[in-house]
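Structures incoming, each one as structure tokens.
Each of the two complexes below includes subunit A, the first together with subunit B, the second together with subunit C.
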Partner chain A sequence: MLQPNQAAIDANNLLHVCLLQPDIANRKYGPALATSLPAVELVGDSLSKLAYDIRPTAAWDNGRPVTARDVEFTLKLMFCPGLPNEVARNRYRFIRAVLTDLKAPQHFTLVCRGQALEYVEASGDFFILPEAAFDPRGQLRRFSLVDLQKRATTAPPDSALQSLAQRYQAAEAGHPGQVPGCGPYQLVKWEKDRYLTFRRKPQWWADRLQPVPIALQARPKQLDYVIIPDAATATLALRRGDIDVYPQIPAREFARLRASPAAAALNFYSTTSYDVVMAGFNTRRAHLNDALTRQALSRFFDAAGLLKATQLGDGQRTVGVISPIEKENYNDSLALIPFDPAGATALLRQAGWQRGPAPGTGWTRKSANGDLQQLRLAMRYRAEGSLFSTVALQFQAAAAGLDIPVTLQPTESGAFSSSLKAGDFDVYVGVRKGNPFMFNFTPVFHSLGIDAGNTTGFSSPASDQLIEAIAAADSKTHRSQLLRRFQALLQQEAPIVPLFFLPNRIVASRQLTNLHVGSLKPGFMATTIERVPKPSAAP
Partner chain B sequence: MLWLGLVGLTALLAAALPLPYAPGVPDLAHVAEPPFGAGAHWLGTDALGRDVLSMLVFGARTAVLLTLPAAVLSTLLGALAGGAAGFWGNKARLAVPYWLLAGAGAWWAVRFPGVGVGLAVAAISLGWLFTSWWRKRELASWPVPVNSVVMGAATTLDTIPRLVLVVAVTAGTGVSVSGLLVLLTLTSWPHSARLVRAQMLRVRTLPFVEAAQAVGAPAYKVWLHHALPHALQPLRTALPLSIAGLLGLESTLSFLGIGLPPDVASWGRLMATVRSEPGAWWTFLFPTMCLIISMISLSSISQYRPSAASS
Partner chain C sequence: MSRLVFWRLARAGLAIWTLASVVFLLSHRDAGAAVQEALAEVSDVQTDRTATTSAERLAAQAAVRERLGLNMPLFYISQGSNQQEPTWQWNGLHNQYHQWATGLLHGDLGTSYRNGQPVASRLGAALSFTLPLTGTAAVLAILAALALAQRLAASPWWQRPVRTLLVTVHALPLFVVALVLLLAFANPDAFAWFPAYGLDQPADVGSGTWSQIATYLMHMALPVSALTITAIPELTLQLDAALTQELHADYATTARAKGLDEGAVIRHHALRNALLPTLTQIAELLPALVAGAVVVEVVFALPGMGRLLAEAAAARDYPVLVGGILLTGAARLLALLLADLFYFWADPRIRWQS
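Moving on, here comes the complex of A and B:
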């Protein structure tokens, strides 16, 4: 569950199975560990019950069946003190109880606060972990889910919870594959920053299903993930046949490869994605805690130029975090934020900033308590690749034109996440990954997410209320209206600057077949891939 | 010499040169543009849209303003340390109050708990010194193993490859330009120290040094005015090679992306951009040529002998 980034989620998808999983091809959630989508029962006007059945064939590697107890344990583990699960807690807080039935161990009902539209998908979108492996004595059963959710951070430590947290963290830290899963693959070899090798379990429970749903297909006997930080090296590896699939290939490499003679042996895929390149301001910093200053700084980003330079124009500009391809939810009445340094000057003056008389003196203003604030920024971004470097350089150059110094801080991927969490930045550039199903922004924009997933530290009573209303919306039309309002609010408050949605580019060897490519992360399904059979030699 | 003069002049005048583009400003309409293509980028642009010519010019400034001071400072540090080690060996002695003062200073620098203890030791030392001066008493002294300390430090530094040491320090925390200057200086002095020490071991036995000691000149004056100037001769050859070594080290660090801040132009950083745009040969060729010619020129200077040239 401790998943620092998308790559970790992709790897975990091979080891674990959720109740429901999205289908890349038709962009819909479908049953995976569950037999079907949950049966929804609305109780009064503030509760809903979602009834699930786990597939009877679903089993752990030791043959023990996956039961409702495992689901209950997994949900409780999310709220177990001592585990850094803040994002999961904010995402699954709406589930208040798991009702199990001793007579039907694979049937259970989730009791949810509210009657939101997206509960169907959200309630089944987490990996199920085995209770027997982590909590063989069932110590977590002493606590109800609500008890754990309401447990104060100042509550006296419980030895059972502490030892459980330690056991789980020890399993995670020792070996990523040590956490047992009911997924189709096992992590057999790995080396940090080099490679991961997954081998298919010889007897996986889903093999007994007829037909095997696409979400549960596991055709390759072995999957090797090679970590190649350098685009040129990865391209060379693809040309030489050392790798079969190159996902998230940079635009220029994609174009160059497509025009090269090597293209004859490759298939090229390009789809839309839900990954938005954006900048975020640290609103906890005194000089960035007002919307006018953030709006002014937003105008230093040349999103159109950056889209052309880094993606060769392929991708979509956006007004917010909702993709323009989601036409019913995208707020097309908002204007795109222009690249407008002159307009930024006017906004800065409105925000109370005054430019010094001599070049190099920068901008200053007096705060409410009389302190002199200086407008200077430290911009943090991931060091790898040229996308973020180009955005950072462009912003720095535009700001320098108005005498605003920007210090660039390219940061290694792991350190980048911890720096954002620690609030060690003024501005950051990154990618936010989304999907078309769930719009629960609590982890990333709600006050509950501050010091966890809410990296900008932005929140207000109005935005909190709107986020809660979106998460609890009971109809598509209502949710769409709220989402449009939320996009307008974010543009007004400008804690983030969404620049453009990235395309999903994948290049694969022509020797592969059954490669499903789509807009949902991770952009393709590795588990359905097969190699084209070699023609048998003539007798 | 002509090339090095040109590089030096370019470095000095970089900010005043009428370059069409600033070095750190990406031209988003012309990314990875070849030389003499659209957009008046005479030597093309790199993978981020930065003008190659501007980066070469400002990279020359970085090379001169970073490696020259670092080489001079490290040579100076090495000369003083090696000169002292060669002249005094392990026979120098230092009055006890000075030892105590040094200890108090170290206490303060290392920030040991109890600042008062350090201050008290410093006060006692100063009182001791004043009393001795007042009563014209000779102070007790302890030996200072200058040679062992200097050669031990140099050997310790030499045991770790310089690139590894600098990479380890810079990659962990990141450094500013001034920080990198200090780091290069502190890791580059052993070679100069060894050369000067070896020369000093010969010079200190020469008659004119013995004569100066015989007339009662203080040891530090004999060292500074008589012995050291003669012991510095090997540095005439070593300094250009030290600059070349530091130029290569700075370029390597920048190529690896762990040296200078990302907005400081550098030949090594420009060379590194070819990794994200392998077809942009111009981002590799031009800085490599600058680096090679500079290295060869510095090597030629180190071999230059004025007497041979005049004969």
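Moving on, here comes the complex of A and C:
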């Protein structure tokens, strides 16, 4: 329940099964533990009911079936005090109750606050844990989900909740493999900072399904995840045959390997991810609070050149925060923002800026209250890697050509997050992670998100209404129309400058087959991989 | 002598405590970053399924603070919130520093913010990987430097090229040496004599003891070589210079006049006097033994103190960071104490003066 990173999510996907799991090939959620996507019933204008059925064959390792009680227990555990479940609390707070049926133990209905298309996916993407293993006496059953959600931090401690939290933490702290799951693999070895070994269960419930859905396929008998921090070392390990797959390989290693003689033994894959590199303006600053100035500064970014320089041509330019591979939602009628310093000059003049007569005097304008504003910028970005520094240096050089001084502020990762939250920047460069499933922009662009996730501080009544309408859209078609309008609005107001979507690069041994790659993290499916059978010796 | 050692130990203990307290207080003043780290990062927020209200965000932050023990006052006293006239208020014993100090006195370094594991066990596990690596490299470097410096001091024909080579290697950063070794001796295009990473492979688990030892030694060869190669030049050049100076002293001339060969003059007369600055250098190695070698650990994908502390600093895992600094600081102060004791042993003039 701790804040997961991608590696932890990948490992958990082998040990546990969610009700629904994304299919990396078609970028859609499909049923995993559930028999199908939930049946949605809207109740009034503020409640949704999502009815699920768990697969009858789904069972824990001891043969007990996975039931609705386990789902209810898992959701309650997310709100159990004393556990590191703060992220899960916010993420699943919209589920207010689990309605179970004694006569049909594998059928249940989730009662959700509000109505949103995303609830179909969001209500089913958490791992189910066994109630019998953690709470054999069913002590959590005397609390309703809402009771736990509303439980004040100052409430007197409850011995049942305390002992449950202790049991869970003891299992987690000792060895994550001790937390029983209904997934296809068991964690048999975990050498911290070195490797993890997963072994397939000899008898797994999904083997009895015909056909086995791709989300439930588990073909390798053993999977070893090796932790190699250095790219050069990982590349060597791949070339030596020590590892079979190298995901998230850096651009230069990818290109070098592809051009080397070793390429004959390897397969190379590159897909567009959902992570967009972008710049953001601090719209709270007086000299950046008008759209014309931001539009002008947007034209200093040479996105095409940056994509070529940093990603060696992979990845994809974009007009907005929706990925171009999402054809139905991407606004392809908008033009890409050009690298156009001359156009920027004209826009700056429209915004009221005047260039000084002598070189080095920069640009100034008078604000409404008569104060003289100077156009100078402090640009903040994460110090690690070369991606952000390349973007920053390119912007600085382009702005310097028009006599706009830009101070670069490379910042350590933790301090960078704090600085963004505190609004201590004029322009920042960063990566925003996305996915094709969730389109609630309230935390990042709504006025409610200011001082939290809305780092640029941008909001307007029109954008707030549009964001709320997207979140409440009742059909995918309507939502697509709204998303297209939202992209146009963001390009017009320019609080952010989306530059390009990063690629997912994977290199794999040619001895592997059935490797499904895609745009969703981690970019490939480990559970479908098989080895090419060795040709049998001639008789 | 024992009284001197006692007082030096007491002073070292006080200094270590002060160092750890300062690091604790400075790092925990930045507790907001740790809370932020435990929740979603600001710049990388995904478009989420539900919008959290301001109250829900604050509640989540409060819950993280409570879980991490950051909801208490930081120290016994704190400044009041009155902006007009700064006031100081007494917080009693219910404060973060008191909890930490009490735990430390009982041998409890706290628990990691990231995974809830005890800091002592994390440091212990990391040290169990680091000490064999850095310890072996230190011993090999010292032995090699002793042997090489004595031969260099005897002015053989290869003195100049070897000194040039040592100065060149001394100028190379550790990561360059490590990568050169990796690309030369673990590379299928050159010599794939050694493994490229780790301490063993998952496939090695279950093999026999001798096989495991052989695997371990093969995996350690390149990292230990990288550390040894980068440590040898400094030790050798210093000892060589000191020996050269001592060999020009009158007592060395007298020894030669007695008919001793150059080797015997170096070993029996000059070496002990020339060792004094080298003892300080060797003592300096001790904290490095404990702190690990983050560069080598990253290049060769080894677990250890270097990576643990670097990752703890990046993730704002303050209990692990403070524990690591406490350990490294203690090693440094003990190293200084050891250096002083070695000086007493090596140089009778210091004993007489004290």
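Everything below uses one rule, namely that the second predicted complex is superposed on the first by the 318 of 539 C-alpha atoms of A that agree within 3 Å, B and C clash if a C-alpha of one lies under 4 Å from a C-alpha of the other, contacts with A are read in each partner's own complex, and residues count from 1 in each chain.
In this section, a residue touches a chain if its C-beta (ideal position, glycine included) is under 8 Å from a C-beta of that chain, and two chains touch if they have at least 3 such contacts.
This is a predicted model, so every value here is computed, not measured.
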Practice problem: Scan A:I128 for contacts with subunit B and subunit C and give back first, second, both or neither. | Solution: neither
Quiz item: In the superposed arrangement, does A:L393 touch subunit B (first), subunit C (second), both or neither?
Solution: first
Practice problem: Using the touch definition from the top, say if A:D230 reaches subunit B (first), subunit C (second), both or neither. | Solution: both
Self-check item: Most subunit A residues touched (candidates subunit B, subunit C)
Solution: C
Quiz item: After superposition on the shared chain, which partner residues are touched by A:A68: those of subunit B (first), subunit C (second), both, or neither?
Solution: neither
Quiz item: Is A:I54 touching the first partner subunit B, the second partner subunit C, both, or neither of them?
Solution: neither
Exercise. Mind working out whether A:L306 is in touch with subunit B, subunit C, both or neither, as first, second, both or neither?
Key: first
Quiz item: Once the shared chain is lined up, is A:D242 touching subunit B (first), subunit C (second), both, or neither of them?
Solution: second
Quiz item: Which partner does A:L110 contact after superposing on A: first (subunit B), second (subunit C), both, neither?
Solution: neither
Self-check item: Common interface positions of subunit A, toward subunit B and toward subunit C
Solution: 230, 232-233
Quiz prompt | Of all residues in subunit B, those that touch subunit A in their complex | solution = 22, 24-26, 28-29, 31-32, 47-50, 174, 257, 261-263, 273, 275-279
Self-check item: Residues of subunit A defined as touching subunit C within the complex
Solution: 2-3, 82, 84, 86-87, 89-91, 93-94, 114, 116, 118-119, 121-122, 153, 169, 172-173, 189, 191-195, 197, 224, 226-230, 232-234, 236-237, 239-240, 242, 262, 321, 412-418, 420-421, 428, 430-435, 438-444, 446, 448-449, 451-453, 455, 471
Exercise. Name, in rising order, each residue of subunit A that touches subunit B in their complex.
Key: 230-233, 235, 250, 252, 256, 302, 305-306, 308-310, 383, 385-386, 389-390, 392-394, 396-397, 407-410
Practice problem: Please name which positions on subunit C make contact with subunit A in the complex. | Solution: 32-33, 36-54, 56-57, 59-60, 62-64, 66-67, 114-117, 125, 179, 182-183, 186-188, 192, 195-199, 201-203, 205, 298-301, 303, 307-308, 314-316
